Amino acid sequence: MKPAAFKYVRAATVPEAASLLAEYGDEAKVLAGGQSLIPMMSMRLARPEVLVDIARIPGLNEIEANGVLTIGATTTQSAVIRSDVVSAFAPIIGVALGHVGHVGNRSRGTFGGTVAHADPASEMPAVLLALDAEIIATGPSGQRTIAVEDFFVTTFETALADDEVLTSIRLLAPTGNACWSFNEVARRHGDYALVGVAATAELDGAGKVTKARIALSGVSDTPVRVKEAEESLIGKTLSDGAKVAGEIVSSSIDPPGDFHATKQYRIEVAGAIVTRALNEMADQKGTR
Amino acid sequence: MSTTPTESLNTGLNIQTMAEADDVLGRRKYIGMSVLRTEDPVFLTGRGKYTDDVHLPGMLHAAFLRSPYPHAKILSIDKTRALALDGVHAVYTEADFEPILGHFVTTVHREEVLTVDRPIMDSTVARYVGQPIAVVLADSRYLAEDGVDLIDIQWEPLEPVMDAEKALEPDSTLVREDLGTNNFAHIEFQRGDTEGLFEGAAHVFSKRFHHGRFMAAPLEPRGVIADWDVASDELVVWSSTQIPHLIRTFTAGPLGIAESKMRVIADHVGGGFGMKAHVFDEEALIPASSKLSGKPIKWIEDRYENLAASLHSKEMIIYLEAAVDKDGKFLAFKGHYIGVGGAWPAHPWTSLIDTLPAASLLPSIYDIQAVSTQIDAPLTNRCPSGAYRGVGWTPGHVARETFIDDIAREMEIDPAEIRLMNSIPDEPFVSVTGMKYDGGSYSASLRKTLEMIDYEGLRKKQAELLKEGRYLGIGISPYVEPTAWGSEVAKANGFAAEFFDAANVTVEPDGSITVTTGCHNHGQAHYTTLAQVAADTLGVSFESIRVIENDSSQAVYGTGTYASRTAVVAGGAIMRAGKEVREKIIRLAAHAMEVSPEDVDLADGIASVKGVPDKSMTMAELGFMSYYGGSSRVPGVEPALTSTRSYDPPETYSNGTIIAIVEVDVETGFVDLQHIACCEDCGTMLNPMVVDGQMVGAISHGIGGAMYEDLAYADNGQFLSASLMDYLYPSTTEVPHMEISHIETPSVVTEGGIKGMGESGNIAAGAACINAIADALSSFGKIEINKTPIGPSDVMDLIRGLRGAK
Amino acid sequence: MSTNDQSAAATAEERIVRITVNGTAMSGIAEPRLLLHDFLRHELELTGTHAGCEHGVCGACTIRLNGEVVRSCIMFAVQADGASIETVEGMANNGVLHPIQVAFQEEHGLQCGFCTPGMLMATQTLLEENPDPSEDEIREYLSGNICRCTGYVGIVASVKSAAKKLSVIQSNANGKA
């Protein structure tokens, strides 16, 4: 189980990385923490000709909160979990990251990597969808902002162009009385979820939902929002709306089945954990 | 002569009921103590020497091209592009090996069993995903894998045989055309009036159980290094094996080399669990590659190879029937065991290592009057299957014990009560299949485990929690473990064999002691526990003993470590040899101190004259005297203080009970395994710390098999569990805290009263988990779990089924 | 913007990788695809670090890299250039076992020994980050390190015991200071 040969280059700057990616086109892959890419290469399921290592580009691993929260792409997942800034701004991120692999993966695995890898069963894509995040990508012609809704195309495929580097993830500050919840079922702790939910809501003074986002992992080829379920919550307290929202989720998703869990399982349990997440949500204040 | 095979077994001819070394326990100082492991510092400091840690000058690295198809004809193999790659030295297929390598011929010596004779590398037909088709030798493993990618093969896919029951039908596609059938063996066994008891029974129950396919998956995969010196025609093989001497015996023939010129080293082995007690194709192919290339060759199995193409175990479809009287007393059992075999029988045990033991242990601790069993052994296009910790006792046990819970629920009898009322007495007992239990705590261990968890209190708590919508479950699983695989216990399990193991005990010139056995140490702490036995047997200090096992040229011949045998077999052989050496030491000391041997005591390495404390000699003095003492040695007596003795013990069985406590989340199907309690009885314990370690380790395997680990194939034969992302080892967060207690009922037949142990956790824990899950869900309706493993999706299927049935 | 000729070139050439291992500066040759565990084991001949799965699941290859727990089987040696690495070989001091190693022996935290180097590296890091972990915290932290022998009972006990030993050493050191 050894990778095929490839050409390696360590980029010193983002423009250099982008220009290398432009040079090699779809033969090149970005290497950051490598926690998903390297196993696939060792199994020879991935055979990039060129790896552009962005892990040491200065400034790409910084976390800033300045009205908006910006997490640099190569910030390790461990560093994000340890960050007081992140946990103050969006506690759901650290909680959900605790389910991404194990400590020995998170020490190398990057925040940008777990997003750009676009595994529909992984936690962070669903969390960012629930948080209405923005993905910042940099290519040879400069930077652009991609709404999270538009970012995930299909399994392992994103809206990033071949010559673009995901450079940071940006979150807007919450606008109201916000709360959040994260829930998943995995075969074992640290495994990809059979099905998972990340949800956020804003409440009015009476505790009624004014805005909600419910995002699921493990039920499609991308993380998915269930807008009908979100809308069903508007004007209700979370506990009043939780059951119906869960039922809507179950009736509106079309998940895959595999030998770890049937399609029917994912349909039922997605609804159940959405209801559970919404019931737990009122106690989990904090931003989104 | 036409005796039925079952009657020719268990003749008792080989039983050695007279323990020779019965005085050892009377002077024990170390046996029974939790002596810390002397092997640990080596591992703790990273100085272990596992197979991949060995590097030889000029060594090439091997990688195998393995079949991606479950069943395919190979039309052509073109090595050109691979051989053209810089760094690739050779590509070998069956045709290259044919002139220098014989076949593996595999069978079990019973008239019902077929024989499979096959080339060790078959490059013409692929019969399972992962079968080796060609091997590439290169300067590095990286380059060898590059070479594999460049071999051009034309495949013609054939229909795979995946359904084991359909494989038995006469019109099935054949896995092996040369056999003319897919059924490697059909064996029947009958004792007592089964039919009469079933006809007269108040209740008859039946169950079909499909036990899952899982495997040892030791953390260190396999690995073989071979260095065939073509000048001296001597072969040294390093292999990650549990059976170095058997590797030599089984491969020397096909390799065409004398065993005396072949040395097998298995220095440190990162777990075996029975898997590495087989003779694998690679263990012949790598030495043959060394011979062909004239270079030392290293092959280190990767995890894909380990999962897809080493050895699978335990998959079985089991049909059980029970005749039960009106009070819940078991009268007779029937069992049909269909072992889901692979493309060929694993060498040398075959897939019957699962089905025969499963059938033989059907009665377990239950006092029944009659039994009839049937075994079928279909080949399928899967990885070969064979022995893994607990062998077929595991699936047999899970099926039986879940069945008993089904019966208890149906008859509204408490699952502990139905077991206690049917249990055999705690005295020696011959089971209806003929197993000679040597006394134990068959019901006492169950009672003690119930006390450990406060069974009655827990049942009340369970009822309270149910009112809150919480689903607690308690699963009970009492077991008997056949141990100390030697001639007798092998025959009790349907394998006709006569063999022995030996130990050598030698006093060195400085008085230190070297003990060797052929029972390989790969984590079981033999260098500690067998030193405890030797020290107590001889009457010397523990620190003066060195145990050597892991090199066929250093250790006395033996068949290796597997099947919970070493404590009994090697321990017994050491006791016998040690007793002789002790007598020689005492005779020498008596002669030197001019007293009679009866007046000399030997303790703590000092031979002293009884009643004359200042008249004594040390082991250093005696050792030197034995080698160089000239005329001060005993005249006319062989001077060496050494003895080699063998031991082939009678049947001996450990026993105990495992209870699992779970809480099931009925909305997600998630099972929280909260606690495991166990009371075990392995007779005389050599080292309780090591016993506990074996117990909890094996229990974690049982948990894996029941809830996580599944070697799954798609219907089209593709292998789905090809990485550790899909083959799920339980980790710290899945295995709960466990509490282990002991009852010590020494064997009445073995040296020292020692019984084997180490497998029962994997035999019995799975049933405890499954019974606990069923118990937790029993309020939903008439639950019956009939497969393993059970994951969250299966739990939801069960709940959905029960809700639908209402 | 940099132009291509100013950029580093992407090559498959072997290169020298320099790392500090257990406090000693070391270097070796690595082509880009050489995995860090192979570099440590076969290039630097530090065979204490093991490879159990080579796809980042089992934890046998766990080392400490710049003080953090890292799986050396899913990292290329070239990525580690310049890093400070600790392996099991650096734990004992002139043959005197580290208190964590002593705890593993006393509490039967190992059997076959194959997972042990990785377990020790993870345990050391855990106890630096959290000197008095609860059982749940220990189990959560070590969940990426598979042991096939012990059922984790001895390992959890070893970590608890090691925490006690280290806290006694720490408080003795504080007392003297």
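Which chain is which? They are A, B and C, in the order written, and residues in each are numbered from 1.
Everything below uses one rule, namely that contacts are C-beta pairs under 8 Å (C-beta built on N, C-alpha and C of every residue); 3 or more make two chains touch, one makes a residue touch a chain.
Just so it is clear, the model here is predicted, and its values are computed rather than measured.
Undergrad: Going by average Cα coordinates, which chain is farthest removed from subunit B?
TA: A
Undergrad: Which chains share more C-beta contacts than any other pair?
TA: Pair with the most C-beta pairs in contact: B-C.
Undergrad: In whole angstrom, what separates the CA-based centres of subunit A and subunit C?
TA: The computed centroid separation for subunit A versus subunit C comes out at 28 Å.
Undergrad: Report, in whole Å, the distance between the mean C-alpha point of subunit B and the mean C-alpha point of subunit C.
TA: Chain centroid spacing, subunit B to subunit C, equals 31 Å.
Undergrad: Taking the mean of the CA coordinates per chain, how far is subunit A from subunit B in Å?
TA: Averaging C-alpha atoms per chain gives centres 44 Å apart.
Undergrad: Specify, in ascending order, the residues of subunit C that touch 2 or more different other chains.
TA: Correct list: 31, 33, 54-55, 140, 143-145.
Undergrad: Among the residues of subunit B, which ones contact at least 2 other chains?
TA: 142, 302-303, 723, 725, 731, 733
Undergrad: Note the residues in subunit A that touch 2 or more other chains, in rising order.
TA: Those would be 1-5, 39, 43, 188-190.
Undergrad: Subunit B touches which residues of subunit A in the complex?
TA: These residues of subunit A touch subunit B: 1-5, 39, 43-44, 185, 187-192, 194, 259-262, 264-265, 268-269, 272-273, 276.
Undergrad: Name, in rising order, each residue of subunit B that touches subunit C in their complex.
TA: Listed in rising order, the residues are 36-37, 39-50, 52-53, 55, 142, 216-221, 268-273, 302-303, 522-525, 689-690, 692-693, 696-701, 723-725, 729, 731-733, 735, 737-738, 761.
Undergrad: Hey, which residues of subunit C end up touching subunit B in the complex?
TA: It comes out as residues 31, 33-34, 41-42, 46-55, 57-58, 60, 87-89, 91-92, 97, 101, 104-106, 108, 110-117, 120, 135, 138-140, 142-156.
Undergrad: Residue numbers of subunit B touching subunit A in their complex, please.
TA: Per the touch definition, subunit B meets subunit A at residues 141-142, 145-146, 149, 302-304, 667-670, 708, 710, 712, 720, 723, 725-726, 728, 730-731, 733-734, 791-793, 796-797, 800.
Undergrad: Give the list of subunit A residues in touch with subunit C in this complex.
TA: 1-13, 15-16, 19-20, 23-24, 28, 31, 34-35, 38-39, 41-43, 50-53, 55, 78, 101-105, 107-108, 140, 188-190
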